[in-house]
Structure formats: structure tokens, C-alpha cells
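What follows is a pair of complexes built around subunit A, which joins subunit B in one and subunit C in the other.
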Partner chain A sequence: MQANADLNNNTPAPRKSKKRKKKVNWTLTSVMMVLAIFAILGPLYITVVIALKDPSQMTNVLSLPKQIHWENFKNAWQMTNFPKMFLNTLFITVVNVIFTIFTNSMAAYVITRYRLKNKFFNMMYYYFISAMFIPFNVIMLPLVKEVSAFHMDNIIGITFLYIVFGLPQNIFLYSGFVKEIPTALEEAAEMDGAKPMQIFFKVIFPLMKPMHATVAILSFMWTWNDFLMPLVLLSNPDQQTLQLAQYVFQGQFSTQYNLAFASYVLVLLPVLIMYVFFQKYIIAGVTSGSVK
Partner chain B sequence: MQETIKRKPKRKGKKIPFAYYMMVVPIGILFFIFHTIPFLRGVFYSFTDWSGYGTWKFVGLKNYLYMFGNSNITHAYWFTFKFALFATILVNAIALAIAVGLNGKIKYQNFLKAIYFLPYMLGSLIVGFVFKFIFGNLLPSLGQTLHWGFMSSNILGTTHAWIGILIMTIWQGLAFNTLIYLAGLQSVDPEIYEAAALDGVNPWQKFMRLTFPLIAPFFTINLVLSVKGYLMVFDQIMAMTNGGPGNSTTSISVEIYTQGFQGSQFAIQSANAVVLFIVVLTISLIQLRVLNKREERLG
Partner chain C sequence: MVEINLKHIYKEYDGNDNYSVSDFNLDIKDKEFIVFVGPSGCGKSTTLRMIAGLEDISKGDLVMDGKVINDLAPKDRDIAMVFQNYALYPNMTVFDNMGFGLSIKKMPKDEIKKRVDNAAEILGLTDFLQRKPAALSGGQRQRVALGRAIVRDAKLFLLDEPLSNLDAKLRVDMRTQIAQLHQRLQTNMIYVTHDQVEAMTMADRIVIMNDGKIQQVGTPDELYNKPTNKFVAGFMGSPSMNFFDAELKNGRVSNGRGLDVAVPEGRLKVLREKGYDGKKLTVGIRPEDIHTEQVALEAMPDAVVSAKVEVSEFLGTDSMLYSRTGETEFVAQVNARDYHKPGEEVEMAFEMSKAHFFDDDTELTIE
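Let's turn to the complex of A and B:
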């Protein structure tokens, strides 16, 4: 979390020196610190220590392991078919993020730019925005029938659905951003004889970078942690995601808590590593995605 | 909104190049096929007796009437509303308190902010499993050693199971709401406070009269997203109680999933999904209306 330090640079220098004079509220700092350590990190500490112990050390769950049992991870790795599930989840997530950024930003750009001049694009805008009010849970029963009729109950099919289902939210996010981009650049490119696709990819797409970051982070978090959609759509054991596999293997772990927790750690670790390195961008991305 | 932005008249008559349509229409058609058609089909099935396969006939409003008489479904609505209400109030109250704390003159502010946001990154299924262990094994054994009666049994196996799910939901839900409130608090110009300090306003008055109105838009975002999310509650229930004991923690989504896919109530649960949609839509629209009005009044 070294990135923390340079976040402070946002505040202009004079105000900073003024702030420095004011005393740090150590009581509040301690309260917030204690709360963070016990309430937030506590459950994560429990997860990690259980994953490192063997059943004989479980009499005192909270104590640090006397002996570290790395083989829990090896066993959990094999038992849950971790590499396969990891690659499946990675495929869904990466392909979804890439395609979402290209296709959804393109649609959002055109809709936002032309909806005030053209009824059709205005209709499309309201069509997508109103679809935000239809949660996945509402359409899942008929969707499952449709998806199996199209033979899309696999990794590729679900990836495709994620790209399409992200549209309402992403059009909403991108459209707020596109409105702020002045039209002068596009008009100049148009004068130079650029084609619509060229205008979008050469002029507009690079300007949308901050919103691409937000959309990428939100899409990543959604697909990586999603449980419901894989649960209802993916039935073949070879075509499952990390989250779904955890649910499927719960029964097999039964009371082998050490194995189960080792397997939770394996699932949480990729996201935690990413968070340690990119937390500044993730926090900024999630904030700008919700606060306009 | 359309009227406020004036366009150059020369653009009015200009035809929009075909390529622009090609950038929207194909993906729009795909969205229609995979999102709108399932939605419409769900509405259609809710008026039939289709069991998911085989023949069917129209039954009118029978599925909807059945829903109101079925104690499992009515209980799912009761549970979900109770859960969403408590989760929304508690998550927002606690998140606001944490955000105010983080916005105070504290050290390690960015580090603490990163810690409080961490739970957002974790899948609720796995967090649910961890809390299931905490409630099922850790707390009971702790309660037995300390001879605390209320803690010596697994809360998830009792009639208070929903409180266990609520605690886990609060633990995870705080992350996002705190971040939004903190963004709101940081957007407030510190000079406003300096002016208030001169007028001799106490901290509580300062918060209620100054800070809260200024962060009202952030309150709206959080409230609307919380209610919508908690009415859909699914992952943590599947992880912690599977809807039990009995059906005491079966939410609307869990009911649609278990009875619609595994049971034989495809058409009835389609009706249930339609009602859930209407509920979410109505509550979201009312909230937006009421809260926007209040924002205007406060602003």
C-alpha cells in the first residue's frame, strides 16, 4: 500500500501546511484503527490461520499455527480442480473486460452524441437505461431455458452474456462522461475526412480512458465474484468458475475446515493481491462509477 | 434536458451516417434477444401453467393468486422486506459514522480507508462461508468457555438465523457505502466549517444542518443501491443457511431459484419474479422521487 503516500498530493501545498498545524486526533485514530483491525481484518485473520493449521490445532482456533501446514493448499488445489476453475474464471473476466470496453463504449458514444438529434438513438438510450431496473434474478428462469436452447450453457456463452448484460449500467456510466467531451475534436476529424469508426477509435476512445478504468474495474469485480449466473447457467463440472466450485465442493469438505479455508484463501488471494497493488485506482474507479 | 442544450441549426437536417447505426444496432439486437425477450417470456409464462417443459395452457391470474395464498412465498416476502429494511438502515448508519471518523483529523487516513474498503473486493459467497464457520463453530465454543448462554449455540440454526446473515451483510456492505459517504464528506469545502465554527455551532448541529444536507446526493445513491441490492439477497443465504432452518431465511431470490429450478413451480416462480420486479421498480422510483425532492428542499 505504498501508493497511499502520493494520494495526499491532491491537496494543494498551502492548505497542506495549514492542515499540518492542526493536531492529529489520536483518540479517533486509535478507535478507527482498533475497529479496522478487529472488525474488518479479524475475519480475514481467522480465515488465514485456519487454512494454515491441521485439525489437531483447532482446539484454539484463534491462536497462530504452531506448525504451518502448506499441504492444505496442495490438497485444496487438487480437490477443487483449482487450475481449471481459475483459468475458466480468468477467461470469463479478461474477455468480458476487453469486449465490454470496446463494444459498450462504442454504443454509449453513439447513443449519447446523437440522442438529441435523432429519435432512434434517444429511444435506444431510454431502452437501455430502463433495463437497469430489471435485475438478473427476474429474468433468470426463462433465460436458462433460452441459453440451453442455444447451447450457450458454457464458459464462452456466459462470457458473451456478461458483455451484453453490462450494457445498461455501462451506457449510463459512459454517457455521463461522453457529454463532457467537446464536439470540436470530432468535427475537425470529420472535416479531414475521417470515417465514423476512425473518429471513434482514434479520437474519442483514447479520451474515454478514465471511464474505461472504472468500467474495467466494475466489470472485473462483477464477473470474478459472481455466483448466481454461473450457478444457474453452468452445469458441466469442467465449465465452472471459482465461486461456483466453492459452492459445489462445500459438501465434500464437510468438517475438513482446514482444507475448506485453504481453498477460500486460494480464491481470495488473486483479488487481494490485485487490491494491494491497485487499491488507489480501484477505490478511485468505484467512486467515480457511483458519484457523478 | 433536451431543450436546455441548443444545437447548431445546420446539423439538424444532416443525415447520420449508416456506420453509426452499425455501432449500436447489432449489440442492441443481442441485448434484446438475451435480456428483453427472457423478461417478456417470463411475464408470458406467469400467465400459464408451464412446468418448464411439455405442454401448457393459459391460466390467467391463477399463479398470482396462488402466490398470495402460499405461506412459503408470503414468508419469503416478509423475510426479504425485514432483511432489506434492517440491512439498509444499519449499513447506512454505520457507514456514515465510519466515514465521518475517516474524514476526521486522523493519521494513516488512506491506509484505513483501504482497509475499510477491502470487504468490497471479496465474493459474498466465500465471506458467507467464513461467517458460517464463525457463527457455527467459533462463537459457540467461545460462548461455552465463557458460559455465555446466548452465544453457546449456533445462531444460524435458530429462529434468529436472519440476524447472522444480517451481521455478515453489514460487514461486507459497509465497504461500498462508507466509500461513497467519504467521497461526499471530502467534497464539502472546509471553509464552510470554518464559517460555522465562528458562529459557535456545536458538532451535532454542524452535522445535521451543514454536513448532512451537503452530502444528501450521496445519501440518495447509497439508499437506492442498498435497498435494490438487499431485496435481491442471494449469495450469502446460499452460503450460510441455504434458506433454513425450515424456510425461515428463504429470500425471494432463493425461493425463485429453489422452487423454479429444482421444484416444479416454473410458472408460479415466473409470477413471483414479475412481482419482485414490480416491487424493486416501485421502491426505487419512490425513493428517487422522495429523496430528490428532499435534496431540493435542503439545497
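Let's turn to the complex of A and C:
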């Protein structure tokens, strides 16, 4: 849900009509902008500054570093076993996003199309949606037991769980979207001789593009940033994720802030890059979806 | 090549109390252009969708080439359909939209290209093949929808109100294009419309429906000149037929409120044989069978009423006179030379040899 909040902050409201000419209160706008910049860039500034400092300089968190300690990054890289953890996390995230898009859209499509005609599918719909209201913490401990009983306390297992745990929210998202796709399209494809799978993959799936983008970004952010599930499920040090690796800085006697922050920056970078890259798609998706 | 028989077909939608289509019986001959016509909600689309296989048949048999195909999946029926709302695939170009059915059938690429190019040529879509449907006008989309159907060698074409969203001029253009297409393709077509002009101009045979039931099946000429009941008589023709509740007495029909005209000998004989002498019945006469010319007045002296024109519409070759005699209102369609201003008193002759007579209770034509 963290990801959701970010998303709303950064995507401009798409429905703002250009025709409505209201006078812009520039003073107020500027004040708000400055506040927003401070709220977002302030902490980021502190993070970067600390990451470049020596521990002795920590008394004033806002001050610029006297000398830039690039070696913080190198140390952090080594301490967290960055390449290994990065690949682990990347694997979980990418596999999760791909499978989520294929399986969850398919499930949502079937449920949405049949739920008005068939009680079973209607029940499925409510079954999945109701799962949205169960906090993860409640099922956390039983889940740990279950997972170890099935020997799923590894990367593959957790990837599977991410795909499944995303279902409620994604079915909710996809379902609203599928409802808007006219059934006449499927009927036309059926008359054209297409089988159900062909109808889905050639006609429906491409139409869901805007929603795929949304779901992909939400799943990516969630999996990449998740700390809790890897913490309780992944015991083998070789199989841990980047977020989990940040734990090493929480030393018994002191927390190595400079290294920790350098490491945070390292973890943050891929997300930022992806985010900037995806944002274009999301904005394009939202507008093309609404104009049609 | 194909013959389609609809045998006592019924449709009841889940949750509805009565049949949306009942006892639908029709034999469609090879190469025939059939038009389903009727008011909104009469079951035209439902029947079409049952033929397509998109809707289950509740009762009865659908037979194609001698085989019952009630349970055959739509994709196996070899039927092409044009949907009322086009239903073009928004993510595909015009070319891909038209070629979709062929590529599903794994037809070689160059053959697909040949067929699509050919169809695009016929429909004037050659310049738009690489566009997406969103970048087309309504008429162009309509043609793409048609094109998607004609590239396939389907046995049967189903068209559900394909012209309803077009403007009047384009509609007339497309009407002739579809008629030409039928000539060229020589396949069965079933065409749904609620516009009786479309039905009259295009059909080999018209099936006119009301309330889920077939009212009459026949050529445009039969439906227009020999309607089997009051509904058909009223539905076909524009402006529609004038109806009067009247009584047959002494060889004349009168309603006691202004209308009183003689019935010609031949028609009178039939009415008397059927026992309508002295009884109530409904008289129907088309606007164009009411005349104001001097010759007509002289030829039918005992069927002349004097009426007051209340509204008159000049339509170029004709004019419509919305008139009243006593308390009886009717419309006359007369030659534009006989234009009369509102308020004028005009003598009008009812050409009763062309009139229709209906039973008051059953509303069936008396013949």
C-alpha cells in the first residue's frame, strides 16, 4: 500500500478538463510546491548526505560532508552481499510480476465474466475480495508453519506466495476493468472462429494493457520493498533479499548509520530507475483508457 | 449451398416470465436475403443470436443443411456476423481486424492479404488499413465490420441493425452496397432492422415480428399489399395506414363520426359472405389511396368525403394532408400539384377497392 500512496503523489490527475478556466492562485501553489519539495527531497537529501559522511560527522545530520566517503558504498555493497541479494530480489520480483499479470488477469477475467450467470464464480469473487481485509500479520505465524511443512521456505516458495497474495487486490483491479470491455468483442471473436484461449490472449489481454501497467507497478513495488515476508520465511542466508540484508547494519552494539544509509541508497536506486521508466507507461495507460 | 430451417423455436431468458421469442418457424432458401423487421424488443436480435449460437435455444430445432445444430459452438457454425455496435477489436489495425478470422484459421499470410485487400477495395477502405478503429469515422467503422464478415467464405451472414448508427445519406449508400454485396457473394443473409424502408428495399423476403412472434413472412410486395393482420398493415408503409373503427351497413362503411363511404361490389361480396354485414370491423386505407384529383372524385362519387386540412406537409413530389372529416382524422398523400393550405375544405375520394378490412377482435385481415 506504500506503493499506492507514492503512485497517487506522482501521477498527475488525468481528468482535469482543460476547458474549465479557473484562475490559478500562484502564491498558494508555490507555497504548496515548496512544502512538497521539502517533504520529499528533504529526507532524500539527509539520506544521501549521511551515506557520504564519516561516523564522526554524525552530530549534525543536515551538514554537508567535509570529505566524501565513497568507500561507504563499497563497504555496504560487500557487507550486504549486494550482487547475490540483488539477483535474489530481482528473481522474485520479475517472476512474480510476469506470473501475476498472466494468471491474475486470467482469473479475474473468468470470474468477472461468469459471476453474473454462475453462483460459483460469484462466490469466488467475494472469496478473493474478502481476502483483502485480512491483515498479513494475522496469518503470519500459521503461514510460517505451513510454509516450512511444505518446504517452501525458499525463493521459489516465496515467489509463489507473492503471486497468490496479490490475487485479491489484482482481481479487484482487473475485474473493474474487464467489466468495461464489451462482451460483443468476445462474441465477435467467437464468430470469427476463435477458441476461448485465443479470445483471451488475442483480444482481451492486449486490451488490459493499462491495467497490466498498474498491476505490474504495484506488484513490483510491493515485492521489492517487502521486508516482513522475507523476514519470516527466508531463513537460509543465501536466499535472502536486499531488504532483508539491510538487517546486518543493526549491530548488537551500535548501528552503522553511514553504511546503512549508503546501502539504502543502493537499494533505492533500481526502484527509482524502474519507477521513472514505468511512469511514462502508467500515464499513457491511464489517459488512453479513459479517452476511449 | 445452405438451407436453414428454424423449427418451432422458443427462447426464454433466465429470470424472464415469458418467452422472448415463441414458435418461430421459418425455412430459408439458398442465397436468400431475409430481413427481420419489427418494433424494438420484439425479439429480432434474440432470434439472430440463436442462429449465431450466442444464445441458447430454449425449445425447438435449428437445422442447417439437414443437421440439427442447436448445440454446435458458434465458432464451428461457419457464420459471419456484423454487430450493431461494430465490435471491432480496438487493439488491432483495420487490416488485422478484417484478417483476424482468417489468421485464426491458419490461412497463409499472402492469401489473407489478398482477401483483405480485395474486401478493402470493395468497401473503399484501402487507405485506412493501417489505422486503428478509434481513428475512423462511424461509417468507416461500419464498413470495417462488414469487411470482417465478407473476407470469410461464411455460409451465412447475420447483420444486426448494421446501419442504425449512420446518418441518412450514408445509410442509403450502405444499403445499396450491402445489396450489391449480396449479389456478388451469393450467400444467405439475414438482416435485422426496425426500419421498414430498409426492409422493403433490401429483402427477398421479410419476416415481420411483434412481441416475439412472427406476424407474416413474405416478399415486400406481399407484405405491403396483402398484410395478414392489422399490425403488419400498420407497420409497413410510411406514413402508416389510416385505421377506422366502423360498421358495415347497406353496402357502406361508416363510423358515425364523419366517415361514410361505399364499399365496391367485389369487396362487399366477401365481407357479406364472412358475415360482417351489420357488424363492426376495422377499415384500413393507405394515405396514397386517398385522392383529391378531379378524375378520382368523378370516378368514385359514392366514396367522397369532404374534409378540412389541418396540417399539410410539402415533400417535393408529394404532399401530406393531415385532415379531418367530422371527428375522424386521417392522412392523405396526394400529388404535390394538389397541395392544399391548412384550413382549406377539400373533397377527397377514398379508393375503397384498395382498402383493407380487419376483424375487430382477432385483428386478422378479412379475405
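Simple rule for what comes next: the second predicted complex is superposed on the first by the 230 of 292 C-alpha atoms of A that agree within 3 Å, B and C clash if a C-alpha of one lies under 4 Å from a C-alpha of the other, contacts with A are read in each partner's own complex, and residues count from 1 in each chain.
Going forward, a residue touches a chain if its C-beta (ideal position, glycine included) is under 8 Å from a C-beta of that chain, and two chains touch if they have at least 3 such contacts.
These numbers come from a predicted model, not from an experiment.
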In the overlay, answer first, second, both or neither for which of subunit B and subunit C A:D192 touches.
second
Considering only touches as defined above, state whether A:Q243 meets subunit B (first), subunit C (second), both or neither.
first
For A:I273, is the partner it touches subunit B (first), subunit C (second), both, or none of the two (neither)?
neither
Just checking: does A:L87 make contact with subunit B only, subunit C only, both, or neither of them? Give me first, second, both or neither.
neither
Quick one: is A:A184 in contact with subunit B, with subunit C, with both, or with neither? Answer first, second, both or neither.
second
Just subunit B (first), just subunit C (second), both, or neither: which does A:I68 touch?
neither
Taking the superposition on A as described, I'd like to know which of subunit B and subunit C A:M123 touches: first, second, both or neither.
neither
Report for A:T29: first if it touches subunit B alone, second if subunit C alone, otherwise both or neither.
first
Per the overlay, which chain contacts more subunit A residues, subunit B or subunit C?
B
I'd like to check the shared interface: which positions of subunit A are touched by both subunit B and subunit C across the two complexes?
117, 195
Could you please specify the touching residues of subunit A with respect to subunit C in the complex?
117, 182, 184-185, 187-195, 198, 202-203, 206-207, 209, 292
For a test of understanding, state which residues of subunit C touch subunit A in their complex under the given definition.
14, 52, 54, 73-75, 79-81, 83, 85, 87-91, 100-101, 104-105, 134, 148, 152
Tell me, which parts of subunit B touch subunit A in their complex?
2, 5, 7, 11-12, 16-17, 19-21, 23-24, 27-28, 30-31, 34-39, 41-42, 45, 52, 98, 101-102, 104-108, 110-127, 129-131, 133-134, 137-138, 141, 171, 176, 179-180, 183-184, 218, 221, 225, 228, 232, 234-235, 238-239, 252-253, 256-257, 260-261, 266, 269-270, 273-274, 276-277, 280-281, 284
Can you check the complex and tell me which residues of subunit A touch subunit B?
1, 4-5, 7-8, 22-26, 28-29, 31-33, 35-36, 39-41, 43-44, 46-47, 50, 61-62, 103-104, 106-107, 109-111, 114, 116-118, 120-121, 124, 127-128, 131, 133-135, 137-146, 161, 164-165, 167, 195-197, 200, 221, 224-228, 231-232, 243, 246-247, 250, 257, 260-261, 264, 267-268, 271-272, 274-275, 279, 282-283, 286-287, 290-291
